[in-house]
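Chains: A, B, C and D, in written order; residue numbering restarts at 1 for each.
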Amino acid sequence: MARKLRMGMVGGGTGSFIGDVHRKAAAIDGMIELVCGAFSSSAEKSIASGKALFLPEERCYGTFEDMILKEKQLPESERMDFVSIVTPNHMHFPPAKMALENGFHVVCDKPMTLTLDEAIELEKIVAKSGKLFALTHNYTGHPLVKQAKAMVAKGDLGTIRKIQVQYLQGWLSTSLEKTGQKQASWRVDPKISGIGGALGDIGTHAENLVEYITGLKIDELAADLGRFGEGRVLDDDGNILIRMENGAKGTMSFSQIALGEENNLAIKVYGTKGSMEWHQENPNQLITHWLDAPVKIYTPNGNNLYDEALSVSRIPAGHPEGYLEAFATIYKNFATHLMAVLDGKKIDKPDYPTAKDGVRGMQFIYASVESDKNNAAWTKFKK
Amino acid sequence: MARKLRMGMVGGGTGSFIGDVHRKAAAIDGMIELVCGAFSSSAEKSIASGKALFLPEERCYGTFEDMILKEKQLPESERMDFVSIVTPNHMHFPPAKMALENGFHVVCDKPMTLTLDEAIELEKIVAKSGKLFALTHNYTGHPLVKQAKAMVAKGDLGTIRKIQVQYLQGWLSTSLEKTGQKQASWRVDPKISGIGGALGDIGTHAENLVEYITGLKIDELAADLGRFGEGRVLDDDGNILIRMENGAKGTMSFSQIALGEENNLAIKVYGTKGSMEWHQENPNQLITHWLDAPVKIYTPNGNNLYDEALSVSRIPAGHPEGYLEAFATIYKNFATHLMAVLDGKKIDKPDYPTAKDGVRGMQFIYASVESDKNNAAWTKFKK
Amino acid sequence: MARKLRMGMVGGGTGSFIGDVHRKAAAIDGMIELVCGAFSSSAEKSIASGKALFLPEERCYGTFEDMILKEKQLPESERMDFVSIVTPNHMHFPPAKMALENGFHVVCDKPMTLTLDEAIELEKIVAKSGKLFALTHNYTGHPLVKQAKAMVAKGDLGTIRKIQVQYLQGWLSTSLEKTGQKQASWRVDPKISGIGGALGDIGTHAENLVEYITGLKIDELAADLGRFGEGRVLDDDGNILIRMENGAKGTMSFSQIALGEENNLAIKVYGTKGSMEWHQENPNQLITHWLDAPVKIYTPNGNNLYDEALSVSRIPAGHPEGYLEAFATIYKNFATHLMAVLDGKKIDKPDYPTAKDGVRGMQFIYASVESDKNNAAWTKFKK
Amino acid sequence: MARKLRMGMVGGGTGSFIGDVHRKAAAIDGMIELVCGAFSSSAEKSIASGKALFLPEERCYGTFEDMILKEKQLPESERMDFVSIVTPNHMHFPPAKMALENGFHVVCDKPMTLTLDEAIELEKIVAKSGKLFALTHNYTGHPLVKQAKAMVAKGDLGTIRKIQVQYLQGWLSTSLEKTGQKQASWRVDPKISGIGGALGDIGTHAENLVEYITGLKIDELAADLGRFGEGRVLDDDGNILIRMENGAKGTMSFSQIALGEENNLAIKVYGTKGSMEWHQENPNQLITHWLDAPVKIYTPNGNNLYDEALSVSRIPAGHPEGYLEAFATIYKNFATHLMAVLDGKKIDKPDYPTAKDGVRGMQFIYASVESDKNNAAWTKFKK
């Protein structure tokens, strides 16, 4: 490929959190350039946002529909290659569907859609379109998460018996949504977020991480959701018992009212031969335990890593990579795949989350809400 | 009081784990001396054990009955003041009952009894006897556990909303009991351990710690117990959803098959104003989080501690106290109370676990087993 | 500014470490685009490297002289704005001098030059040119290093009394240079590295960090350098006593033979009111101690930070930023300054290391080597 | 041995710090009983202190001379076996000398004496007496310090090249001695402390730990001592370059004005095959690094420990032992040796610090003070 990939963005206007993250993540590895965007539903704001990003005014669109249609009419040498969707949940499905159906590849933030039905439909649309679709479960981009997955897959831990996963935040401890704070407001609104609150926002990351690392599906769950913030209709906290398809058992806990927690995603996996733990806030350590050896701590680009982890590190051991780099790995792997496709080449096992993971996440939300309604009765995922 | 208290021991022969811990804990503060024991059900072994402890042969008894009866006949200036019971679970109730009924005070290891019925009866016997009874929930002896309890009690954390507690060990990951290892053998045997495996052995510590620190009762629980070791009839792992009397929710996880975990008891408590976490393996830090302040870490004898914590530390800040010192604090507080009683004095709020805590622990075991039988249905404690 | 800044690069061909770091760092914030480069002294390799970066062949130059002259002839709307120099030490001065004298701004890796004389001359050239010059002492870009500096400056710690700084690596524990490894080979070669080995490569970072955070100059030092690797003529280890201009005392230790250390740069600063420590490998914690308060830990975008730190964080608390982001902050602050200059605006206190820091670093190297020659005699910096 | 050893104490009256530590440490393992003491130079206070320890009045002496003479006249079946000396430095030599010359074994706190001459003389007196003499360099009692020593001795780390040791406290940050605080007052007084301040009080522990773990002698040192507290004539801070007999180099830093530090003794040792670090405040981890393996962390009673470490742990892995237990190990090993001697048995390599270590510590103090007077000139130990 003799050029960078061209990205158009839906959402992510000035002041947004995740839009800025996507842009930085897409930029780090030098494979992608931002060429256009529908950054806001106000054309004016979209232009202002785009200009601040050094884009020409004519490629700052007022709606995603406008962007998709106008870009389609540009010569192939100019038009965007793919769309990055960074809007709140209710605005994932419409632009994703339209982009795919108009020949554009898609990167989409999670959870994939507003409803499970949408997710199931989107998976079909992706398949039919033949276009690439990446879902930004960004935590799977960390080198040591890759190492963890590889260690389980190669049998290093033996049979998995026990899992603990948590994703704890405290930023909704107070009624932040009542102050007009934008990030808070939409997350507590079911019309924008869907039927899951913290469940969809961060619980899905926990679910995804468990299944990604262990290679096992959650078979059933018993969910006790909390709505601690005054007047909240969506969950802001949850405790879940999980049973995996192989008989392993575990707990999942997530919260946005765990005061003082910043972004404490962590997982422990116990097998018959070894065990491991990984903490997102200190992502450059994979702590492992063994039947007959002392604790061993793996570090990115450190000793004895598997290729799956080594290939993801950008810098030498001891130079910490963080959130943006892991996020960038999703973009990098998507871009690598897309470049290959555009060059007419095949690629072995592209390594980024797809629509399948998106459906799984929505099933998780729905199963949890159903279980919670039934006083934490055991509930299986449905399609 | 012009002399040390005199302790007799039931159990704890050469090679025992917890008996040795009790002896060291009782010795540290110089208030108690070991004067006699029924260290083993074999008179010969009991004598050998006692001699290794520098006891005269005539005070090494072959049975606890013998010890209690013979000591009772000694002049008051010689006979033991209290009995310390460090046998496996099934041998807690008989010597405790007999000691109390013969005028001796009692310190007893946990869980208090083999069955809930025994626990309820023992609580009555204690009350009737007028004697002191301490249960060694040793982890409540740590200075920073006292600090945590005091902070919650004084309202520093606001209303408690979320709790995570875990007690994870890995030493039964393999079928250790099949190798003849004594500690393992009795713990997997319901005739000796009762209806709870890991549940009784370590789950009760977790339950006790939650209620001790938060001052809240667990209202109901949903327990999913595991029996991972081949052929085990008792649980060796458990995941439990808990709901507290005030509406707080949480998870409890305990295990003896969490490979690689040594003695990982840890608790997190989240309130509306602050939150805290404490880890037994690194007991000299209490990590706290606040709405409007950076993370604050309290240390024993460090800055800004409450008296409840300061009064428990033995050595200056930075000189780590550990498991034995916390254990010793149970003995010290019991001894302080007993000396006051023997001196005919009153003491304000003696601070050590009692038969009431013991009953609570047995209720926890029974509720958990019942819930598990009903596929983790919500279950309340019964008396 | 209506466009991104245009960067040309000297060095950093395929396979280089620090060139890739500079490119990623320059890309993250979307203010800079790479437009040309003299990536290698082989024209062929330079073109191959440039193509892999999606550059057009005509802007991949075989020498930095060629690049500077040809770019100068391009229309202002196309030509590069500044040069980024990422070559080994001996190739810093020539391209920096030529770029500045031909009207280009410069970003340069550290240590600034091969010799102290060059450094002194370069500082003059910068001054005479009126162009901007940034030196990538990247560790000063961390939010919590900014916080540390601000806390000292505002007097939070009182008078500084004691300092410990270390920069420990282990990658030259073995004779890596004898295997032909490129990074190792030039670092042990005085013709390329200058008179300092580890001293120049990482010691200068330690020196810079001490003076940056404390706002105090090192007054004199006593250096005991080691040359542990077989046949090495340059130091690969050093222990230094330091005395600061205000009477504070301290130690500095750096090494590339500290086996097992990855990139362990760390600093502790003790004052009369408080103290602090920061560790590069876990950069998202600033641990502080106080006379009358518990330990407080600050986190990026966390509670109670000064604006100096808040303004540097890119993502919410708990989402770790790392080495690349800190590096990017040097580029971002340089770019912000340059854009202002190009827009004819003034900027208050541009915040990035300059030629002055570069001279200071070279003085440090020379003083240390002189002290070491005199058996660690106290030695002052010379100009 | 059919009985506990009988200990008499010099110093350690009510309210003392280190006396209480010695008593607890001596009690833990049940091999020693306190039978008498000269707890204070006031007979009244001595009696009050002794009574609080449940001793009979007749064995609470007003002077150590009185104690030694009176105890000597008691029947062998009653008299103390050894004297434990826990007074400030200037009162170590007189009671030690008198005890040894009157047939009593001795345990003595560090530094061994007030002056180097006294130390040299005491070493001779010990030798002449044929009695046992233990010096409480208590930190060598930690299981993982034993492990560290064993790993170096067995060559696991290869040739030692680099050492970092520090012992940092902050309790003398303010002019505590001016408030009348007893612990502070004598430590800043050369008539009581000797020529070293922090140097003698904690620097000697650092020196002892380096030589204990590495098995190497410090060959020469360059010391820059600080006297930061207003009006202090003794050092309260020090930074020292060290060179070991084998060519290894390192730094030592100690302080009692390192505000916020509690009792931060830590050591790092780097060899050609591996490296290790140990921290007294978190003593139950030995962190090791290796050329070709991930970081390995050893824990007391954990996997893969050498017998030297295993034999010292009292409780299972994960049950933290602390300061008192390490201190107790000195007493335990001394008691084991003494019991053997009293039983007429021989013991292989008794494992506790002796008068030889005490002399070494005093040499360290003197060399450091001399070096400091000569502006940190390299100085060798003298005898």
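Everything below uses one rule, namely that contacts are C-beta pairs under 8 Å (C-beta built on N, C-alpha and C of every residue); 3 or more make two chains touch, one makes a residue touch a chain.
All values derive from a computational prediction rather than experimental measurement.
A.B. asks: Taking each chain's centre as the mean of its C-alpha atoms, which one ends up farthest from the centre of chain A?
C.D. replies: Relative to chain A, the chain whose C-alpha centre sits farthest away is D.
A.B. asks: Are the interface residues of chain B and chain C largely the same numbers on each copy, more than half shared, or largely different?
C.D. replies: Same, since over half the interface numbering is common to both chains.
A.B. asks: So how far apart, in whole Å, are chain A and chain B when each is placed at the average of its C-alpha atoms?
C.D. replies: 44
A.B. asks: If you average the CA atoms of chain A and of chain D, how many Å lie between those two points?
C.D. replies: Taking the mean C-alpha position of each chain, the two centres sit 55 Å apart.
A.B. asks: Between chain B and chain D, tell me the centre distance in angstrom, where each centre is the average of that chain's C-alpha atoms.
C.D. replies: 34
A.B. asks: Touching at least two other chains at once: which residues of chain C meet that condition?
C.D. replies: Counting only residues that touch two or more other chains, chain C contributes 261, 290-291, 295, 299, 302.
A.B. asks: Mind listing the chain D positions that touch chain C in their complex?
C.D. replies: 161-162, 164, 166, 170, 173-174, 222, 224, 226, 228, 237, 239, 241, 243, 249-251, 253, 255, 257-261, 268, 270-275, 288-291, 295, 375-376, 378
A.B. asks: Tell me, which parts of chain D touch chain B in their complex?
C.D. replies: Within the complex, chain D contacts chain B at residues 1-4, 17, 20-21, 23-24, 27-31, 34, 51, 53-54, 169, 171, 261-264, 280-284, 299, 302, 314-325.
A.B. asks: Spell out the residues on chain B that touch chain C in their complex, using ranges where they run on.
C.D. replies: Interface residues on the chain B side: 290-299, 302-304.
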